[in-house]
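Two complexes, one shared chain (chain A), two partners (chain B, chain C).
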Partner chain A sequence: MNNITYFKDQFEQLQEANPNDTIADLRQNGFDAFTKDGVPTYRDEDWKYTNVSSLFDKEYLIAENSTITLADVNTIRLPGYKQANELVFVNGRFIANLSTIRSGTTDLVVLPLEEAAKGEYKEIVAAHLNQSSNYLNDGIHALNTSFINGGVFVHVLKGKEPEHPVYCYHILDARQNPALAQPRSLVLADENSRLQITESYTTLGASDSFNNQVMEVVVKENAYVEYYKIQNDTANASQVSSTHIRQIGRSYVHTVTITLNGGIVRNNMNLVLDAAGNETHLYGLYLLKGKSHADNHTLIDNLKPNCFSNQLYKGIADDTSTAVFNGRIMVQPDAQKTNAYQSNKNILLSENATINTKPQLEIFADDVKCSHGCTIGQLDEEAMFYLRARGIPKESAEVLLLQAFAADIVDQIKPEPLRSYVSKLIYEHLAIQ
Partner chain B sequence: MLSVKNIHANIDGREILKGINLDIKPGEVHAIMGPNGSGKSTLASVLAGREEYEVTEGAVSFLGKDLLELSTEDRAREGLFLAFQYPVEIPGVSTTNFIKAAVNEKRKYLGQEPLDAVAFLKMMKEKMALVEIDQRLLSRSINEGFSGGEKKRNEVFQMAMLEPKLAIMDETDSGLDIDALRIVANGINKLRSPDRAILLITHYQRLLDYIQPDYVHVLYNGRIVKSGTKELALELEEKGYDFITDEVDLAANQ
Partner chain C sequence: MKEKPDTLEQAVLTEYKYGFVTDIDTDVIAKGLSENTIRLISNKKNEPEWMLDWRLKAYNHWLKLEEPKWSNVKYPIINYQDIIYYAAPKPKKQLNSLDEADPELLATFEKLGISLNEQKRLTGVAVDVVMDSVSIATSFKEQLSEIGVIFCSISEAIQLHPELVKKYLGSVVPMTDNYFAALNSAVFTDGSFCYIPKGVRCPMELSTYFRINTENAGQFERTLIIAEDESYVSYLEGCTAPMRDENQLHAAVVELVAHTKAEIKYSTVQNWYPGDKNGLGGIYNFVTKRGMCKGDHSKISWTQVETGSAITWKYPSVILKGDHSIGEFYSVAFTNNHQQADTGTKMIHLGKNTRSRIVSKGISAGHSQNSYRGLVRASKQATNARNYSQCDSLLLGDKCGAHTFPYIEVKNKTAIVEHEATTSKIGEDQLFYCKQRGIDAETAVALIVNGFAKEVMNQLPMEFAVEAQKLLAISMEGSVG
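Showing the complex of A and B:
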């Protein structure tokens, strides 16, 4: 792996340039771990089906400056943006002057992570930043931690329900060189608050991009969080996207992950249910064509009693694509009366596509209700014949049935502008043969 | 309109149809009756283009075209309609959108402009009244959670919307109570016209009390063994299929 020297070099420069940074120690620990563990290979059970080491064969550039302008941002805004707080990340760094914060600071605070780590949020950042490493303890995660720089801290204040949702646009500038981005964010939904957050990803240019992202979300008592991830990037855009959500007070979380286009995509969706009575809903949809590879790893760690979680992930694999679903549910000894449900449904459209699905339940309490199920099938031939017998051509009939298959996940996107947008993306994605 | 000549068809290597001949002219209503397993539904499937069935011999011409050369969807767009014995439930696809797609696919095939939303709604309203179907059903997913009667009514509604030249009704009466049967039959009767032919496939005579056929054919063991007028159906009702099948079996054994 010829990047190691480059990373080391870049890491040292970063540390030297920020001698008073309170995050420096965290970065050092991260880099030590990365040096020790390296990039995971298929020999690691968690990475058995997803070969990220191949992503490190390229000469990435961790770009200092980018020439991305507001005009570029204008081309990638999501519907509903006029009402949204828009956070723009270029090559992994939060760029304040391209971003638009519409909510007032009494509702929502958005700060560069390094700044938050020093000032009044010092203790909060110290308490919550990098809690994810307790769960994501591999070299990829450590690499992100080594390069925490230009991250963002988002805080919805106690009792506030900002009317403007948060949109995060991740732009990777691969117009000159392969681009590596390692965005890091810490989000805090305080007591009795409400937050809706959406992330999207765009690679500009024809070179490869690799987005190694970590977002940590802390959800406190009686907060309500909706999280949407929309992955529809180019075929040369790969990512490891880790979302680590800790519900530390009795709260409600609803997440939807949509994966349409991309190179190698790995999503880690972790929910740590660290308060009694938490409720969590996880939905995912992957519609893969070409050589796309999407790997959804979910983890629900039930630490306290009376939590409820429901997961439904659905996917389609066509051409030579590969889909992976690994759904892990842990029920710890204290987590009595846990209700945890999981379902993964797949349609295999091509003889050369692959689907790997694995439910993984680890239960250490004796009074729980857990269920899991997974299916892999083909399109319903009777339904196909019915549609064709009404004059609908085979290709359109297929699109109709696949849209129908996707519909119950799309319906889980609650804001209407995003739901219609995703619905349209899916139609276009499926209709191109 | 439809000319079936000496059709033989297999499924999984087993011969089900063993030489069917049938001629249907515009405006005619034909009924095909027969005991279970005689090949009635196979005939409907072969005509509609179900791919599991292999036609090994014979020819079918429909409005001057070689029907067997056409794909399922092209047969539909040429004006052939199959009302399913077991209409399929398709969750997630709204009935209205589906019918709109079907109507406009046919129009496209015939070189006509697609119907706009207003014209489509107007047409829907007219045909809904014709077959007595509730709007609420049409806003739901295709047949999802419909009762047996509602599914069959939906089939007749689709027939009304697609205005076929030839409608094949595969056991449209099965699973219906007497009230549902009357409504469905009324719908079909209203769709009778001088340029539209109807092929009723049924096990029981009772459907023919409501829809009077011009011709009745008895299918047995893959062949049409007897043809006649509607009186033949009454005779079958009275004497059962045995009076014909015994005769046929006897002849075969001699």
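Showing the complex of A and C:
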């Protein structure tokens, strides 16, 4: 584990270079926790089906300055970008001069996290940054915390509904060396505000990349948040992507996670429903081929009464891929009248693919309605026969049925240019044999 | 008029009705566990050399293991040196019939409502009574032996049928399987042994009543059931235990082997002392139960009704090795006061066209915690494996918890696995419907809960269904807030 010594070196350099940083203590705690816990192994219940320790065998460089230019960014923009606030992260750091903020500062504030932690937003950052560690208390999360540097703070102001959505492009420059990126962001949707945020990931170059990301989202009273994650990176791009959303006022959150290509992909989607009457919808789709390994962990922690949550995750595993779903619903003693639903549907297409799923309910209140269901199966033979009988070749019929299977989730992507973009990605992904 | 408590609290206060201590001379060895303890046990039971070696091997392996921590139950650290590992009612003389048995012992069973005499005469059930750790009386043995069925205590089997015991003991649950299985392998004192020869359909339900009697005596039962080709057996296991202040550890191992076209039906009603209403005392029930569908077209079915024990921690499992084999698991787990239950099953599909079905009903009341934990695994070779699981939880009261941890691992593209789970409290509309028709809340709840558990209760053999329903009713009394 040369990496651990390397991380220690890097960490010390980072701390020395920023002695007056208000986040320095947080980083120190993070690094202490990382030293103590180390990288999780399959012996940790939460990582039983996903082995991330292999990712740490590589000689990553916590890349300093990268030579990414605007021209590179141009190749990866998402549709509708002309109307969007585009935040560009290179090797995990927010790069202001590659980013474009179209909304006015009276609607939307975008600041480097370190800057926000010092100035006007000092208290907000102090109150909300790293609340996620209460839920994600493993070494991976701690490692991200120990390298908070170059993060971003996004704040939708009270009562504002910026017309431009926020796009986050994560670029990993692995053209020379294996790249490790640890982006950190804090997003605050203030009272009566509205926010739409989308993240996408691109690895440049043929080396391996590892993106260990943490995004914390705080949603206040009457706010409305849509969150989209599109993972369609190269086969040597791995990531642990943690999204920790806290609904601290009565609010509405809608998330969709699409996983198409990648190496080892682990998504933590945590929802903390910390106000009465919250409503949350989580959707996910994973279409895996090759050696991809996708692991979706969702957690809905119902702390207050009268919350509603609905989860639907669907997936297909082909070739030698592995799909993991672990959905956890917790209902705390105070959270009476909780309604929580969860469904996970899988199709296994190959002899050598694996699906592991674990829908989990932990309920400490009596007046609740909770249910979960999961299925693992194959394509419907009758539907297949119907199509084949009408002269549609097997391959096309398969693609058609799989597309239909995926449509439930794709339809949950509300903004138009994104929806057809994802739809097209999926078609291409399925059609290439 | 029958007196009925009319609030949930009062129901929760319902005292354990089977708490009493029978005063019988028992042969007790000193507390503590060491190689010498094992030699002593083995010696007392007059065991052959290979058995002692097997025990010692298990003990040495156990020393290397750590107590597992992953379960969703909490209990104080168990001091394994503070347990009496052997307690046998003193064998005064060989018993030929029940009339010769200790009258006090018979009275104990009388109190439990499982009079041997009556059973023997009326129901035709062969009862292998385990009072503490040694079998006292085995009835109907002769009748069974005529058709070649061997039904005796495991110690007897070690003496009389060593080749069978040697072949099958530890073949389903190896001594290295887990912490408690290793401990059991080292120190088990008694249990039942059952062998059904080829083509025999066992004419009666085989039954064992377990009874923990000597204070501080942990019970380490070992049960081994072998069903040869095309045979059938239904086995009943029931437990009640007297009131205790200190926790008692029970770490049993049950192994089932079903050969080609054989069927084993294993039913349990477990009503051990659950501790008092403050969670003091009660039995720790840490059991390893596993069946192996070894031959093609074999079937193993587990049915359990769990109402007792302070902590229940067990997962009756089936390894579906033979092609076309079937595994079933039906469970009702009721927890009250401070009881904790972490129970479920494992269905390991290895053979082709294997099927399994899981129906689990959890009911929690008081401050109890009730977890379902299950694993369904379809391996690469398990073509056309099929599983359906359903786990429902019912919550009575706002201080209890109900949890579900289903693990599903599929590596075969022809496998179909379905799982569904729900958690809710008793429906207001159902209660309203009953009350509106003049049924008081109390009876209505019992009615609804019985309906909730019906699917599982129906799987029990007649003899047991009655006892199980009675048990559930006692636990249910006044569960309306």
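The rule is simple: the second predicted complex is superposed on the first by the 433 of 433 C-alpha atoms of A that agree within 3 Å, B and C clash if a C-alpha of one lies under 4 Å from a C-alpha of the other, contacts with A are read in each partner's own complex, and residues count from 1 in each chain.
The rule is simple: a residue touches a chain if its C-beta (ideal position, glycine included) is under 8 Å from a C-beta of that chain, and two chains touch if they have at least 3 such contacts.
Note that the structure is predicted; figures quoted are calculated from it, not measured.
Participant: Please determine, from the superposition on chain A, whether chain B and chain C clash or fit.
Facilitator: They fit: once the shared chain is superposed, the two partners occupy separate space.
Participant: Tell me which partner A:Ala276 touches in the superposition: chain B (first), chain C (second), both or neither.
Facilitator: neither
Participant: If you tally the residues of chain A touched by each partner, is the higher count for chain B or for chain C?
Facilitator: Ranking chain B and chain C by residues of chain A touched puts C first.
Participant: Counting only touches as set out at the top, which of chain B and chain C does A:Ala389 meet: first, second, both, neither?
Facilitator: So A:Ala389 only meets chain B here.
Participant: For A:Ala96, decide between first (touching chain B), second (touching chain C), both and neither.
Facilitator: neither
Participant: Please work out whether A:Gln360 is in contact with chain B alone, chain C alone, both, or neither, and reply first, second, both or neither.
Facilitator: second
Participant: Between chain B and chain C, once the two complexes are placed on the common chain, what is the minimum CA to CA distance in Å?
Facilitator: For chain B and chain C in the superposition, the minimum C-alpha gap reads 15 Å.
Participant: What is the shared patch of chain A, the residues that chain B and chain C both contact?
Facilitator: Chain A residues touching both partners: none found.
Participant: Using the touch definition from the top, list the residues of chain B that touch chain A in their complex.
Facilitator: Result: residues 48-51, 71-73, 75-77, 82, 84, 87-88, 90-93, 98-99, 101-102, 105-106, 109, 141-142, 158, 162 of chain B touch chain A.
Participant: Over in the complex, which chain A residues touch chain B? Could you list them?
Facilitator: Residue positions touching the partner: 380, 382-383, 385-394, 396-397, 400-401, 403-405, 407-408.
Participant: Provide the residue numbers of chain C that touch chain A in the complex, in ascending order.
Facilitator: 70, 380, 393, 395-425
Participant: Please name which positions on chain A make contact with chain C in the complex.
Facilitator: Answer in residue numbers: 45, 333, 336, 346, 348-378.
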